[in-house]
Each structure stands twice: as C-alpha cells, then as structure tokens.
Amino acid sequence: MSLFQAFLCGLLYFLAQSNVTMVSYGTIYRPLVNGFLVGCILGDPVKGVQIGATINMMFIGFISAGGSLPSDIPMAGILGTALAISAGLEIDAALALAVPLGLLGAFTWVGRLTVDSFFNPLTERLIEKNDGLKGLWLPTVVIPQIFLFCITCIPVTIAAYFGSQVVGDFLGSVAFLIPIMSVIGGLMPALGIGITLKFIFQGETRVFLFLGFLLAAYTELDMIGIGLISLITAIIYIQLTSKIEGAE
Amino acid sequence: MAETKKLSKSTLNKCFWTWEWTYQACYNYENMQGGCFLDAMAPAIRELYADDPDEFKAAAARHFEFYNIENTTGGGVLGLVLAMEEQRASGEDVTEEAIRSIKTGLMGPLSGVGDSYMQGVIYPIILAIGCAQGVQGNTAVPIIVILLQAIIQIGIARFMFNLGYNKGSDALLDLLESGTFKNLLSGAGILGCMVLGALIMNFVSVHTGITIPMGEGAEPFSLQTGLFDTLLPGFLSLAATLMCYALVSKGWSSTKVLLLLVVIGIVGSVTGILA
Amino acid sequence: MSLFQAFLCGLLYFLAQSNVTMVSYGTIYRPLVNGFLVGCILGDPVKGVQIGATINMMFIGFISAGGSLPSDIPMAGILGTALAISAGLEIDAALALAVPLGLLGAFTWVGRLTVDSFFNPLTERLIEKNDGLKGLWLPTVVIPQIFLFCITCIPVTIAAYFGSQVVGDFLGSVAFLIPIMSVIGGLMPALGIGITLKFIFQGETRVFLFLGFLLAAYTELDMIGIGLISLITAIIYIQLTSKIEGAE
Amino acid sequence: MAETKKLSKSTLNKCFWTWEWTYQACYNYENMQGGCFLDAMAPAIRELYADDPDEFKAAAARHFEFYNIENTTGGGVLGLVLAMEEQRASGEDVTEEAIRSIKTGLMGPLSGVGDSYMQGVIYPIILAIGCAQGVQGNTAVPIIVILLQAIIQIGIARFMFNLGYNKGSDALLDLLESGTFKNLLSGAGILGCMVLGALIMNFVSVHTGITIPMGEGAEPFSLQTGLFDTLLPGFLSLAATLMCYALVSKGWSSTKVLLLLVVIGIVGSVTGILA
Amino acid sequence: MSLFQAFLCGLLYFLAQSNVTMVSYGTIYRPLVNGFLVGCILGDPVKGVQIGATINMMFIGFISAGGSLPSDIPMAGILGTALAISAGLEIDAALALAVPLGLLGAFTWVGRLTVDSFFNPLTERLIEKNDGLKGLWLPTVVIPQIFLFCITCIPVTIAAYFGSQVVGDFLGSVAFLIPIMSVIGGLMPALGIGITLKFIFQGETRVFLFLGFLLAAYTELDMIGIGLISLITAIIYIQLTSKIEGAE
Amino acid sequence: MAETKKLSKSTLNKCFWTWEWTYQACYNYENMQGGCFLDAMAPAIRELYADDPDEFKAAAARHFEFYNIENTTGGGVLGLVLAMEEQRASGEDVTEEAIRSIKTGLMGPLSGVGDSYMQGVIYPIILAIGCAQGVQGNTAVPIIVILLQAIIQIGIARFMFNLGYNKGSDALLDLLESGTFKNLLSGAGILGCMVLGALIMNFVSVHTGITIPMGEGAEPFSLQTGLFDTLLPGFLSLAATLMCYALVSKGWSSTKVLLLLVVIGIVGSVTGILA
C-alpha cells in the first residue's frame, strides 16, 4: 500500500466519524460502504465490498442512542478491509482482524466528545460579543473537525501504512487467536440485535421475531425475500388490528 | 405592535441544510448538539433580530444550550422552533420559556421514536439486505445503500421540518398520537422483528463443539449436528441473542454485554464448548 | 392438413364465437381448450394442449364486460395452434404467430354485433303479428347463427387450409419479427391482469396481490399450490374480518 | 278477480335452458341480448297469456327491449321476471313499469358482480392452473376445465334462477347486501388478487436487455441479471402490470392499452431495451 | 434371540400395559419408545428406533378416552420390532407384521378391565374391617398387577422366543399378504387422525387442518418445522381473536 | 367446634405421587379407577380421621366409588377433594354429598379437555415429530420423548393439583371458563389441526393403482401419477382421513371403523384399486 492510499483510508475514517452530513452515519460509517470505498482505493472494489459486508454483519443492529456507542464500527470496517486486502488475507482472517479493531471501543468517539467541550467557550464569547455571530462556524465546525482529523486520519493512515507490512507476520504468530476471534465475531451480532430488540420487541409483535427466525431457518428465502414477506405480513396484521380498533 | 415577520424561503433552506450538514460536527459532553443547533438557527436569528441586538443575543444564547436529538425527527423541532422565533420576532406572545420547553420536551419522545425506528428498523433492514448481497461481491450494492439512506433520511427530515414549521407543535404531537402513525410504528415493529429474527438465523453464528463419546470405535455424538441441527437449526444463535436482549433490558450497558461476549467467546473457544 | 381438417377448425372457430351455450365462452372460446381440440383434429392432442396453453397465457385475465372485447382470443388459439402443428413450428414460433392473430382484434365480434341488429325488425314483425311468436327462433337464433357461420367458419377454413402451406416460408422471411412478437406476447398478460385488477384490486385486498407475487417469486409452488394457499389465506382473513364485524 | 296462475315446472325449465343455450345467439348493438331474452321468456308468455292476445303482445314487446347481463347472475333476473309475469297474469298489481325497472335496475349491479368475480376471479384461476398444467401436455386438463366451468356456471345460474323465482327481488338484493355474500366476495377478492399476483410472476414476461459496459475486457453489467434478478425477480413484470392497471383505471380503453403495449414491444425489442 | 431377551421383551410389554405411572401411557406404551427399548435389548438400538418409529406412525392419533382402546399398540411395537430385528426383516415386512399384531385388538385391555373387577370385593372387605386400610395396596396394586403380568409378560415372552424362529418362514409362505398389510398400515393413521379430529376439528380452526396439509404437501418443511410454524400461526391468530373479543 | 386440621406437606406429596404411580393399576369395568383413587386418598384419610373410626370408614367408602378421569387434569380433582376432606375433618359444613358431586361433576369436563388436548394435541405432536426423526435412526429421539412427556404431564398434573388444593373448585371451573384458558385451548386446537393436517400428508399413505389403458403401445394413464400427484398430492390420504372423521363423528365406534379400513385395505389391495 502506498502512503497516499494509506492516507485516503485515514481520510475515509475521518469522514466516517465526522458526522458531517447526517447521512454519513448510515452510509460511510458502515463497513459495507467503507469497505467498498477502501476496495476502490486499493483497486479491488469487489473484494472490498465482500470483506466490508462480512465485517458489517458483526455490527448489524448496533445502535447509538443518546450519544453512546459500544464499539468502533468504521475502524473495524476501514482498517479491517484495508489490512486484509493489502496483506491478501482470506475473509476469515479479515474477520478475525476486524473483531479486535471493533473492540478497541469508542475511543475516538469518547475523545471527541470530551475535547469538543473545550471549544464551547469560544462560541460563548462570540455570543457575548453579539456581533452577528460572525465566524460562528469556526468553533462549531472547523476547529472541532480539525481536531477530529488529527485523532482519526493520522493514526489510521499510519496503522494502514505500516500495518499492511506486519499484519501477515503478526497473524501468523498469533494464529491460535483466529478461531477465538471467529467465535467472538459470530457472537457479536447477537448483541446488536439484542440492543435493537430492546426498542421494538414488545407485546404482540414478539411472535414475529420467531416467525422471521423460522422463515430463515426453514426456507431458502434470501434477506430481500424475507424483508418483503415481512412487509406484507406487517401490513396484513396492521390492517386487521386497525380494523379491530376501528370496530371498538 | 411589531410588523409580521416571515423568514424567506432561502433562509429556511439554509437552516435546514446547515442542520443536515453539521448537526453533530462539534458533538460534546457539555451541551451535546448545542453549538450545532445554534449553527443551524443562525441564519434565521440574523434575519429576524437584525434590528434588535438584545433579542439577537438572547436568541443566540437560548439556542446554545444542551440539545440532543435524533437527526431525522430532529428536523421537526428545527422547523417548529423557526416558526416560534418568527412569531416572537413578530411580537406575538411567545416566551423564551415556551421555546426552551418545546425543545427539551420534544427531544425525548422524538429521539425515542427516531432511534427505535430509524436505527432499529430501517438501518438494519437496508444494511442486512445489503450485506447479504454484498458478500457475493456485487459492487452496485453499497451505492444503492448510500442512495437509499440519503433519500429516506433527508426525505423524512424534510417532511418533519415542513410539518413542524407549517403546522406547529400540536401537529408534531398529534402525529405521534395519530392512529395512522401508531399503525405505522406497529407495522414497523412487526417488520423489524421479523427481519431481526431472520438476521439471528443468518448473521449470528454460535455452534457448540461438545461431543459425547459413544464408546470405542463408534463416532462420538456431536451435540451440534446430532441435536441442534436436526431439532432446531440456529437454536444457539437464538439463545445467545435472547440472552443479550435480556441483559440489555435488565439495564446492562452494551459495553458490559460486549465484554461478556468476549469472555464467553474466549472461554468457549479455548474449552471447545463453542466452535 | 386436409380440407376436411381445415373445415373442422373453421367449425370450431364458429362454435367458439357462437355464444350458443353460456358455457362456451369459458371453454371452447379459450385457447387451452380449443388448442386441445385442434390437436385432436390434427391427430396430436398433446402438442395441441401445449401450444393452446401457451397461447392462452397471453390472454389470461382478458375480460369482456358490457359487450366489449379487445382481441380475438379464439382466432389466436385455433389458427395459431392449427398452423403451428401443421407447419411443425416450435412453441416460440407458434406464439409469435398467435400474437398478430389475436391482435387482429375483435373483427368478428364487431361484425356480428353490427349485422345482428338488422335481424331485429324480423322479430318485431313477429311480435306485431301476435301469432304466438311462432318461428321466433328464426330471427333470434337461426339466421344470426347462419350469418355468423359465414363470417367465421369460411375464412378460418381457408386460412387454415392455405396458411399451413405458406406459414413456414412466411415466418422464415420475417424471422426478424419473431423476437418482437415474443416481447409483445410477454407483455400481453399484463393487460389482461390489469383489466381484471380494475375490478378486484381495492382496499384491504391489495396487499394480497403482492403476497401472491412474492409466493410465486420466492417459492417453488405451482399454480395449484398457490391457488390452494390463496384460498386458505382468504378464508382465514375473512374469518377474522367477519368476526371483527360481528364484534362491532 | 283472475284465477291464480302458476307456471309448470317444465315451462320453467324450458325458459332456463333456452337462456342457457341461446342467451347471446343474436347479440347486437341495438338491443344487445334483447331478442334472446324474449326467446327465453317465450315459453312462459305462451303459457301465461294464451287467452289474452293483448297482454300476450305487450309481454312479448316488453321483453324485446335493450337488455344485457352477465350470464350466470342473469339467471336470477330471468327467474324473478318469470315470477312477476306469473303474478301479473294472475291479476295481481304488477305493472309493466315494475317489470321493466326490475330488469334495467338489476342488470347493472348483477353484471358488475358477475363479471368481476366470474370472469375476474373464477375463470382466471381455472384457466391459469389449467395453462400451467397444460403446457406440460397433460390432455386431461382441458377436459377437466370444460367440466369445471360447466358445473360452476350452470350451477350458479340455476341457483340464482331458483332464488329469483322463489324469493323475489328482495331476496336478490338482500343476497347482494348480506354479510355472508359480502364475505364471499371479499374472500374471492383476496383469492383473486393472490392468484393474479402469482400470474404476474409466472405469465407476464418482461426482461430488459440493457447492459452497462464495464470497460475493456470486463463483462458488461446486465441490468436484468445483475440488478432485477437479484433484487426482485419479476420486478418489470409487476411494473408493467401495474402500469396497465393504472391506465385502465384512468379510463383508457383496453384496445388503447393493447396498442400501447404493441408499440412498447416493438420499440423495446428493436432498441434492445426489452429482450 | 435368547430366552432372557425374550423375557425382557415380555416384561416391557407388561410395563407398557401396566399403567403404573401415568407417564407410561405416553412413553413406553408407544412403539417409538418401546421399539427403541427392544432394540437396546436385542443390541441394535438404531434399528429399533427406526422400526418402532415406522410402526408408531400407524397409530398416530389413536386416543383412549373413557377406557376404550381400538387396538393393541404396544403389542405391535414390541413384538413387531422384536420379531423384525431377530428375523432380520426389512422395514416394510416389519410393518406388515405389526399390522395384524396391532389389529389383534385390545384383548389384554379388555381382559384386565374384566378381571380386575373381581379384586374389588377384597378392597371392600378392607374398608368394612376399618383397620386403617392396612394392606390396601394388595388388592389395588399388587394382585391386579400380578394378574396383568401373567396375561402379558408370559405370552409375549413365548411369542418373541418362538416367533423369531418361525416368522421368517411364515412370512415367506404368506408373502402375498405383505402388500395387503402395507395398504392397511397406510390407511390406519387416517383412523387415528380422524378420531383426534373429532375433538378439535370445529368452527374456525377447521381451515388450519388444510393449511397444515398444504404446508406438508407443498414445502420441504419437516415435522419440527411444521410444528413450530403451526405454533406461531396459532399464536398470531389467537392474538387477533382475543383482541377482537377484547374490543367487543 | 373441632380443631382446624391441615394436611402435612409430606402427606399431600404422598397422595399426589401415589396417584401418579398407581392411578390405573387396578383399572376395571366396575368402578374404573375407584380403587386406585382410594389408594391415593388413603394417606390423607389416615391423617385426618385417625381419631374418628366412623368418619374414617365413611371416607374410605366414599372414595371407593366409580371414578374415571384423565390423568393430568385429574390431579386437580385430587387436590380439591383433599382440601374438602380437610375442611370436613375440621368440622366445617362440607357434606358427603358435596364431595361426591364434585368428583362426579368435574370428572366429565376435565377428562374432556384433558383427553382432547393431551392425547389429541400434545401427544400426537410430540410423537409425530419423534417418529419423523426416529425413522432416521436417531436414538436420542425416544429419550427426549420420554423426558418431554414426563415433564409436561407431571408438570400439568402438579399445577392442577396445587390449583385444586389451594384455590378450590371455583378456581378449577373458573380456569375452564377464563379467557386465557379458552385462548390456550383455541390455540392448541389450531396448532393441533395444522399438525394433524401435515400428518395426513406425511403419515397416511393411500395410493390408487387404477390405470386407464390408452390403446395399443401407449403407456396407460395412471390415475395416481397422472391425476392426483399432479393436481393435489395426498388427496386420497386427505379423503380417507375425512371419511374416518365423518364416520367417527356420526357415532361409529373406532373398532368398527378399523374393521372397515381392514376390509377396504384387503379389497382395495386384491382388486388393485389401492396399491
């Protein structure tokens, strides 16, 4: 991997974390998307999307509500894919790599939430000055983003650049960890789904979790098929219940 | 009596798009999205209070307070607050307190609905289908995902923004209470549950390596293939997920559960209970 | 094809169009049935039913309400099957042949509706005469049916007899049309289904259209299976809604 | 007061079967099924008004008027009108006007129901299943189709005929309004929609030939196999059908839509958009 | 088969019939279970469970209500499996053997119900004596069970011991009966299911019989899958109907 | 006034387990489970009436009467009768008649529910799934079946026993009448019907051997493969089952139907109509 490519990966990580545009959190934040983009950077978009999708599955359902975040999803996606492609890893090994990267936790996230507080006095001063809020974008956008850039782009650039040279050797010497990572990686979506269930698994809708499970277990339907069947099921059920409520 | 003030279309758009682009650019523990909300309000403040420095300052100050909302539904509060500021600037009886309490009052319920159904239903469905397609290496998939997410999120945010601005807070609350909306949410809950159920089967992967020796020469009995795979494929995945759900519901932080999973993974893998 | 066989095909077309017996419109009017009968006439019932069924699919859902008819379904079925069998065409080419035949439109239909009006004065005269309506069946059945026989049996007999000799050559020289006909043939059921939907696709039942579509798209169920599952679904849904209405 | 007249069983049967055999034998633009309805009434008119030439003539004339009805449900009107003629012939107060308005009044709603559910649900289901089986060359299929259609149609027609003759017009209208019947129709609607949905997938066949070149040497991306077949097989068929439905619902004649399809087929096929 | 093994089979038949423990009627009474146990006795548990399961299918749904029993289910299971294993029969022949054994009818059952009545006077005498009901277990348990042992264990032991030596020859000489037995065996579950339906096939639930039938006919679902799908279906339906009743 | 008597925990358990182990050990035509019910009551009678020989004898006699109940739900009556004997022994106004009529009154409905849903739903489901797995030779299956049956049956029996003992007869009858219980039964009915429907397809096997000769040289048309297998697989099995159901519902004894099946089997097999 060239330094420039490594830098582009770092930049991607910065963009994923930047929360500049509200759409980013549902797009480049996700390994499915950023894995693909890393693939483009490294010249192998197909492998990028494959690895990204595999990593993304681990984090399906991971929700951030009220500012909390249990793991570093784009780190796993971007560094995981980048190192895997540059070291020519199999998808399994790539996953094993992404697990600890995701587990690193929300360091970046906590860091920025802490440090960004220090920029608030600047904003306050602007308000005090009462001069048409001129330059408001400096303390609310520019400075925090420059700070974020420093703590995201730089370390990931370095990790991508040097990591690609050592990751092969490293994984070789800790090969015994791979099956462990694979087991953990298999467990992780259980958490994401469990978190999401907290919000929507209640009352009458509970039974549909098991219906979906059985559909996946006993039929050949792919996720699109299940999604569409679920949509139809939901509509039919709601048609009936809203009729019942109308009849009350 | 003051003249009636109306924000221009272009100012409204500037506010909306500023919110869209920078809503969390300075996310911080002190006032969360406070600075960025001020950012989004600034064009309107400048237009409405240009000739009244005291009100200008007060308006800036009252939008630089603790604020945290889910991004799409948050569009609704932005629209609503803009309408209230318009009225206040036009001399109507809209107190600072009213504006403040609308912001803090709507923050909770709107984020609740937004987080549950955007991050809890719509994202997982789009991403899950995307992942299932993506593992096969279809490069059209991430592009479609980006487009879909953008259209849906900006669409909802704009819809809420217009609703809040044109119809006011009653409209927002009525929306939350309306039969149609409740049906929509129940429907989304059913849809979400079914898809998540399928995800448990397809994405969670928990297998036991336990085997029971069947005596000399005979093949040992594998709990996984001999019991679970014949009786109920995916049983362990379902159990693991419901365990996580139970812990999270009991109040465990997700980080704590994550650590538990890591421990289970290590112990299970080393002992061979999980494989 | 012998002249006698051609005549039998013509006769069949007359019978299909005659509307003598109200059952005919749901039976020999349909390519599935008349294709089979043409097959019997020409000594290959199996091929007849195959071609007939294929042609019939194009016209599935075509409804005649209030006397309107958008195409000549039995013409497509009878001449299409007859020419295809006698010229030894593949099913694809048979379909390509049937498309324009069906498109010929409802010439026969419009013709008889126009001309039959001229026989009404005869009936009126009988009523005027007030002689027990003796001979009523002449102007109301016999004469119109003889007329119909002339405009249906004769042309189809001729077309079948001579057509079988030229259709092979002809299709050879317009081979470029076959893919076009095939595309049109694939589109035509969309119209028939669309027409039918106009009558039953409304309110709560709409969602079931998509359910049926998904069942066909994602399962291996054949049409019988889907028909039966649909029946069960309808019964369950109606059991529930009628219970709701009872509860009101 | 006139004696009470009752049509003999054999006359009633003659009327019913004449209707069954010749209901549209002289179908024409002037009075549609007018002549044939008279045909079907003739045996009854001869029996009821044999001794009253004026009434005979009037009766013949009033059944030789514009008339057009769906064949099976039409059995009901025939039965009902026979009962009314009986009463009139018996001297009861049944005016010519009453008979006429029953005919024209029931014509519409009964045809509506009949066309929708006979031609719209029962025929397509029988024929679609028949076609799906028939393409495999099973010669038992067309014979079964003939028997089924005959049993169902004559059965319904006779049921309606008896209902109309024995119970009168209220019974026919009550039937249309009754809960059971409405349930039957809703059920038939659901059944019909599901089967039609499946037919869209199985019978309509629309494929795009559009491919996007992916650069030198690389295989071009086929919109059909790369996008539609993976995302939602049959998507274009569904779209085409809903388009036809929308056009027909907007009031386009089916011939006009048919011409549109021909044009789309030719243009699509020549340009390679459809294949 | 050794005499001891034959005796164990007889003992098993006694236990199956004993009704000592209320659980026995749902367990060792059933060929699935006793076939397996016979297999263990004869050293081939796998074959035992296979044959037992096959025989059990014949009697699925056979209910005993109010003391009536239409056939001797454990006889078919135990002797059927024992003879089949010891004579090395194919499953088909084993089934053919089990049919008449089950058809022998409820001789044991009727015998014990008749004879057990004779032990009641002993109990009465104990009550009369009014001496703390000492020894009550003799007339209510011990004596009837000894009697039962005599009419169950002994004949089955003998049948198993000698039967295994003749059944091969016998079946050879009546080979023409095998297809007949097989037809009867295929019909028998219809009775069991019919009996059970008498209890639960009514009103709104009827349609679900056909739904289950179609699921089995048109999908690849195994019985577990169908059982689970049925459970979900039942829950959803009941959720809706109880909501309707709540709305009333 | 007599002192209040309470059965000890261990006596209650002894009664319950005696019932569990010997409820039908002396099953006979005279009083069915009469002797065994006395057996199960004996420990309580000994404890309650130790000091009153007359009552002792009367109690023994009144529980040695005709009695027949389904085993699991029967636990409820046992518990209830124990509670009533306690009250009687404590001098409360509980007549012999009351105890007797409770026994005979509950016998019917509880057996009805128990037989229908235990033998009619739970057993067939467990055994059917077990058989379907068992034919593949999985030896874990019979063991699981034993465990499941034991847990379910003893669990329900104990639950009913406690309910009857603690809450009394109203509780038992209320339970039968309660909405939740009715929902449970309807649900079990649906579940049972669906599973039985599947069993018809999977376990009943009726095939016709009738063929129609198609002329020289041509393969004869097999009614089974050419008609039933293509139109509705399992049609004959469904028909046979519904026939049995109809006969049993009409009051035929199951033995009579069994004989009919044997006759049909022999005749059908010999003539080749069934194969």
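Labels A, B, C, D, E and F are assigned to the chains in the order they are written; within every chain, residues are numbered from 1.
In the analysis below, contacts are C-beta pairs under 8 Å (C-beta built on N, C-alpha and C of every residue); 3 or more make two chains touch, one makes a residue touch a chain.
Every value quoted in this text rests on a predicted model; they were computed, and no experiment measured them.
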Subject >> Touching chain A and also chain D, the following chains >> reply: B, C
Subject >> Any chain that touches chain F and chain C >> reply: D, E
**OP:** Rotation angle, chain A onto chain E: superpose the C-alpha atoms of these two copies and give the value as a multiple of 5 degrees.
**Re:** 120
**OP:** Report, in whole Å, the distance between the mean C-alpha point of chain A and the mean C-alpha point of chain C.
**Re:** 57
Subject >> Whole-Å gap separating chain B and chain D, where each centre is the average of the chain's CA atoms >> reply: 52
Original post:
So which bits of chain A are touching at least two other chains?
Top reply: 204, 210-211, 214, 217, 219, 221, 224, 228-229, 235, 237, 240-241, 244-245, 247
Subject >> Overlap residues in chain F, where contacts from two or more other chains coincide >> reply: 133, 138, 231-232
**OP:** Over in the complex, which chain C residues touch chain A? Could you list them?
**Re:** 204, 207, 210-211, 214, 217-219, 237, 240-241, 244-245, 247-248
**OP:** Within their complex, state which residues of chain B touch chain F.
**Re:** 221, 226-227, 230-231
Original post:
Which of the residues in chain B come into contact with chain D in the complex?
Top reply: 133, 138, 140
Original post:
Hey, which residues of chain B end up touching chain A in the complex?
Top reply: 19-32, 34-36, 38-39, 42, 45-46, 53, 56-57, 60-61, 64, 68, 70-72, 111, 115-121, 123-139, 141-142, 145-146, 149-150, 153-154, 157, 179, 183, 186-207, 232-234, 237-238, 240-249, 253-255, 257-258, 261-262, 264-266, 268-270, 274-275
Original post:
For chain A, which residues count as touching chain B in their complex?
Top reply: 18-23, 25-28, 30, 32-33, 35-37, 45-47, 49-50, 52-54, 56-57, 60-68, 70-71, 103, 105, 112-117, 119-120, 123-124, 127-128, 130, 132-133, 136-137, 139-141, 143-145, 179-180, 183-184, 186-191, 193-202, 204-206, 208-217, 221-224, 226-227, 229-231, 233-235, 237-238, 241-242, 245
